[in-house]
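Below, each structure is written out as structure tokens.
Here come two complexes built around chain A, the first alongside chain B, the second alongside chain C.
This part shows the complex of A and B:
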């Protein structure tokens, strides 16, 4: 199964590179064929996956000694990646007037690298994929970005490389130490507390940069603002989530003693971020910047879900919090993707980013305004959306650890409602700006927007469908993450 | 719970949602006529089902029961089930909701028929009705919270129905945010309730013996947090600010959500979870004080309003204060009855006001209206009868309930005595502004030439609401209609001798002769001072907003300065130095970006070297 996935990833990229650059129609067919194959693959993955079995499935040893497998967490990320790349590729055809082929090659390259990062059980391969994503993203940014794309690109490079520098060292060292790069060997590492701390800090730094967690978040607003719409969609929905996933897979279980030691600092910074960034997001004047800050704000939930179990509480609650971390990441991937997709559709019709230049869009884009409001409420973690499920599970488990902490965290719900609804009010309501001509959506756009909102609402109303594989895998990884295994 | 009953409840709940989906998604295909037909027919179906339920549960007294639909989410220590809870309270409320919603859709056919957003209007109304029905029949606390938030979404869309008008859009945002404050508190209350071992299932509140001793310890915080949520949704004193600004909504929408359904959902929460609130003494006293104060204060402000919808809004706020005050003395049956009568009569009043606004082309300032009684005799009649039933005049209306209210409050300690006095004052003020606006709008000299009205669909709608608001209060039907225990006050309920009635008479007198009192300097002075202080106190949301924005700008600046500029500049400086150095090594001065590339290349080579060395170590 994983072999076909990797084959798909490889050939989508290579095939795209082989297409004649001038024939946009060929590219169009290719993109749609790939989208259908991706859909089929994700259905196949879902069908063959045993949801009640925690741990790894689809094991596959490639000839060069690398291990590949999927578990209840990564399968959702893989599916998200497949869906979002397909949608983005179809949209790119409309959004990218020049150099479409190159754009798509980079897109499929990123897809391949992200899939590799999600599927691998080899630390070295993970590191390689994580670092390799930096370059195609950079080329995307400087090739098709906004007016200040060079600065944003440099910022992305600096943050990306500086962040993963320590992680490269740590990975190299630990791989040497254990004489293996395989996950199972790494999680049974019995390092001293000092060694664990060094490893943990290095990896956490890289993951916080990747997640855009406070205080390593500052690249995200600039990059989002300057990135082409396609890059923003992928960045928000998939590439950022790689950080949370990497932390969950390569950071915490390898050095749990260090994580326990450092948890108060991470929790503190995340709570601070949850409080402070609601205000900061509220005053943003640029649409994409606002959505970027919203991502930064929501990432704090993920950090909290990962680190609060180290502060105390029952194993049961820790498992629920693991579930919550996954739900929040996946839900945020869906709703942020929806927001950035719809904003791309708006942007390529109106060509402006400042909120003040918008107004009354509900009159000119009635359908889009309907779907947009679903993503807005999802992003504000409204009940009925998947985002609320995550926040609810997190708060309900946190309250067992400390009800004061839960009370403080809950205020962030008001904050996210405030900035999302205010943004919606300013952009979609009020006097119409920029002409009263009604702009219809294309069929593909309608399809994607409705699929995303249906997914958000369906899982919001019936989260147990989503949680089944997540929960069984949380039970599997819990001992690696939180149980003390006789370590220092 | 029999299968028929289950099916009935399910159909009643689902029809508004189905009609919202059909009307919302197929608006273009079925057109305005089609959307109106779909929502009227399905609304009627829903109403019939609720009637059937009401007959089964209230008249035939079939036992209360739970229909579990599915498990939403669970963990080892908690689970949330989605289901339907059928008992007299939920059935009565559902009956009220479906009736008012149907009547209001009927009215809207007349009121909204020229509007381009006709289909959206019906879809939203149905969405709201569906959420409210889920709210009143929910089988667990968290499900009620879901529906509560869905109602907020619906009100966000309905208040901003004419979204291009700035005041409508702002009003919708303000309404949701003011509610959001309370929703946060409510959610925390729900979570604490679950944490300390309470069950979220509604069934556990019916038989209070299974509940823990709620008068001790941390339960206080649960009751207080939930009270905050209730106060924001039911627009009690400090949170009332969102209702007047939400009056940009179409008038029938106000009749539905700002008079009868959405704003009473907080009170409904208290009725539903009465054991939580009833057990804590200071919460009860707080309810009495806040409620009584709100009842008087909002009535005072209502006297100062010049726009018809604003008068109605403040009048609703005042009545909601009365209900909260009554919750404080644990007279829940009475609150329930008061709520039902108020819902029907206040919806009726909003429809009357809407009729006036419709006929006068959007004019709703009482200064510009007058003499409409002659040309709009039907509307005038509805207005008078509706006002009478709203005020609790003898025979026609909630007279007995208001009477019993005074009686109970008066016998409930010192706070109750003060509250009873305050509510008497509120009564007088209600009568005063009621007479004032009726006189100004319907009597006197006509301002415009308006063609005399003939009976139309809007009148039928008003008639449908007039019937329950008159007969519900006759004092004959309540025990049949609503299975409440009259608390042994039957002997009082038919008597006219009660302070509420006397204060009504005083209010009527003052209202009629308002012009002559307006020339007494002392009265005018005190009145003006009172109003000024009120308006100053009640613009706290402005201070909050400007504070939040100030803080936001400060924090954003700090974020950029401290965390972006300095480290990035420092970093860029070092990178630049390295690249300049590497560039000088390569002796290539053709382009700076090449230098950067070389710099990064150098760094990467260095890193690879280090990695290699470490790995080979």
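This part shows the complex of A and C:
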């Protein structure tokens, strides 16, 4: 199964590179064929995956010794990647007037690298994939971005490489110590507390940059603002999630004692981010920048879900919080994709980003305004959406650790609602600006917006199907993350 | 004895008549390529590391020749002296590889250095040539003197002219280590003795730069492998010296490269900065470290040749490209896909970005670092590479994103295809980067 995935990733890239650049119709057919294959692959994955079995499935060992497998966490990320890439590729055909072929080659290359990162159990391959994404994203940014794209590209390069510098050193050192790069060997490492701390800090820095968690978030608003719409969708929905996944796979289970020691600091910074960034997001005048800060605000929930279990509570609470972290990441992937996809549709019709220049879009784009409100509610974690499920699980478990912390977190939810509803009101309601002509959506746009909304609502009302595989895996990884090895 | 046929080839080349005529040019090229291939054939079969060195050096000469023949044809110049100098360099390199005593080793090194000086005279290019040649002569002389003094110290210490197998620790050997490293820094263009490289690069023609940028460095890296018992005698001193040189090279090289937009000077300083990784590999003080230094140079050599091949075959207003902004027309050049792939690959390798081979070798060096001090030095190397990202990304930006004003023409489409083949090789090298040390 994994071999098929990797083969699909490889051929999608290579096939796109071989297409003649002037034949847009051929490119469009190729993109749709790949989208159908991606859908089929994700259905196969879901069908063949045993949800009640925690741990790794679809084990595959490549000829050069690297281990590949999927568990209850990575399978959802892989499916998210396949869906989002397909959607973005189809939309690229509408949004990219020049250099479509090159644009798509970069898109599929990033998809391939992300899939490799999610499927591999080899630390070196994960590092390789994580760093290899930086250059294609840079070309995407600088080739098709906005006016200040060069500065944004440089920022992306610097943050990306410097962020993962420590991780490269840590991986090189630990790989040498254990004479192995495999996950199972690394989680069995019984390192001293000092060694664990050094490793944990190095990896956490990289993951915080990747996730755009406070205080390593400064690159995201510039990159999102200048990036083309396709890049924003993929970045927000998939690429950023590599940070959370990397933490879950290569950070916490390898150095749990260090994670326990540093947990109060991470929780504190996440709570601060929850409280402060709601206000920072509220004052943004640029719609895309607002959504970028909203992503940063949302990431704080993930950090809290990963680190609060170290502060106390029952084992079952820790498992539920692990589930919550996964749910929040996946749900954010869907809702952020919806938000940026919608923005892309608006931007390519109106060609402006300033919120003040918008108004009354509900009358000129009624279909879009309907689906947009679902993404707004999802981001604000309203009941009925998948985001609510994750936030609710987290809050309920946090109450047993500290009711004061739960109270603060619950209050911060109001911040999300505030800026999201404010943006919606300014852009979609009020007097019409920019002409009264109705700009309805194309069939593909309607299809994607509907599918995303249906997914958010379906899993929001019926999360059981989604939670089964995640919960089984949380039970499996719980001993590794919260075990007592190296306890101070 | 077979290697002396190179000298015969050299004499034949010098004796050939005016190569502006077609027949004479073909004869010169035939003599050159036959001599090189014969040398590769004759020298191969030694231990794997040396056999690969033979392939690498021979391959570089062949590539230099390929670049040179179209370059000389375009500008109607004499290739004989250039080809003859390359054969002399190969002869000297062979001496270094197979030398059993210090005299043979020293003669080999001198021949490599003199061959480069010889090649500078192929095309008198204003006053730049004289400045360039004079600088090179002075630097070469100082470096050679330092190596000679170092060799004398070792010979006095071991009481033998043969290359050392086991060297006792003593003040004389410590002095020899210091002098050797100093000479290596000068010859390899490593900080703080690297400032002459920019002038040499600017004054040299692209075909010469192809070999010049790498041959001397490759020779010295292999020389270090051959005489490594000297450094093991004073392992800690060697580690500190190499580490300090590496750090200064990275810092000075990268920041100086950042300040330039003139391509030759930028790449000269960038090349010096890259040599910091060779010094870091040396500072590891193990056999594997020395092998990694050689592996790094192989990877760098290939990347360098891709760059030189591209630069030699691109022209702006009937002259070679000089400024970074002149790359701006690359996206409108014919066969731009080939050019872009080659450019991205060679810049990617020099940047040390995965999945290219440059990342794998550096990672292997970090894995070999066996102390916190060495890991910190490696961290400095990675950190200063952040500066490298800035100027390499500027090159890519100008080449690929700016589409107006400058018009770049491609002189000879065979050149870019050679570059593409090389870049495919580079990517292939990175297929199994964990074992790149063992590959050497």
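A few comments on the model shown:
FYI, the second predicted complex is superposed on the first by the 484 of 488 C-alpha atoms of A that agree within 3 Å, B and C clash if a C-alpha of one lies under 4 Å from a C-alpha of the other, contacts with A are read in each partner's own complex, and residues count from 1 in each chain.
In this section, contacts are C-beta pairs under 8 Å (C-beta built on N, C-alpha and C of every residue); 3 or more make two chains touch, one makes a residue touch a chain.
Source: prediction; values computed, not measured.
In the superposition on chain A, contact is made by A:421 with chain B only, not with chain C. When the two complexes are overlaid, the chain among chain B and chain C that reaches more residues of chain A is B. When the two complexes are overlaid on their common chain A, residue A:360 makes contact with chain B while staying clear of chain C. In the superposed model, A:154 lies in contact with both chain B and chain C. Looking at the shared chain after the overlay, A:165 reaches both chain B and chain C. Legend: residue contacts after superposition of the two complexes on their common chain; A:176 is shown touching both chain B and chain C. In the superposition on chain A, A:264 makes contact with neither chain B nor chain C. After overlaying the two complexes on the shared chain, residue contacts for A:462 are found with chain B alone; chain C is out of touch.
Looking at the shared chain after the overlay, A:55 reaches neither chain B nor chain C.
Contacts of A:396 after superposition on the shared chain: chain B is touched, whereas chain C is not. In the superposition on the C-alpha atoms of chain A, the part of chain A touched by chain B in one complex and by chain C in the other spans residues 154, 157-158, 161-162, 165, 168-169, 172-173, 175-176.
Interface of chain C with chain A (complex): residues 344, 348, 353-355, 359, 363, 366-370, 375, 378-379, 382-383, 385-386, 389-390, 393, 396-397, 400-401, 431-434.
Of all residues in chain A, those touching chain C in their complex are 64, 124, 127-129, 131-132, 134-135, 138-139, 142-143, 150, 153-154, 157-158, 161-162, 165-166, 168-169, 172-173, 175-176, 181.
On the chain B side of its complex with chain A, the touching residues are 70-78, 145-146, 149-150, 153, 156-157, 160, 163-164, 166, 168-170, 172-173, 176-177, 180-181, 183-184, 187-188, 191-192, 194-195, 548-549, 551-553, 555-556, 559, 563-564, 568, 571-572, 575, 596, 600, 603-604, 607, 610-611, 614-615, 617. The residues of chain A lying in touch with chain B in their complex are 154-155, 157-158, 161-162, 165, 168-169, 172-173, 175-176, 215, 217-218, 276, 279-284, 314, 316-317, 319-320, 360, 362-363, 373, 377, 382-384, 389, 392-393, 395-397, 399-400, 403, 406-407, 410-411, 413-414, 417-418, 421-422, 425, 428-432, 461-464, 467.
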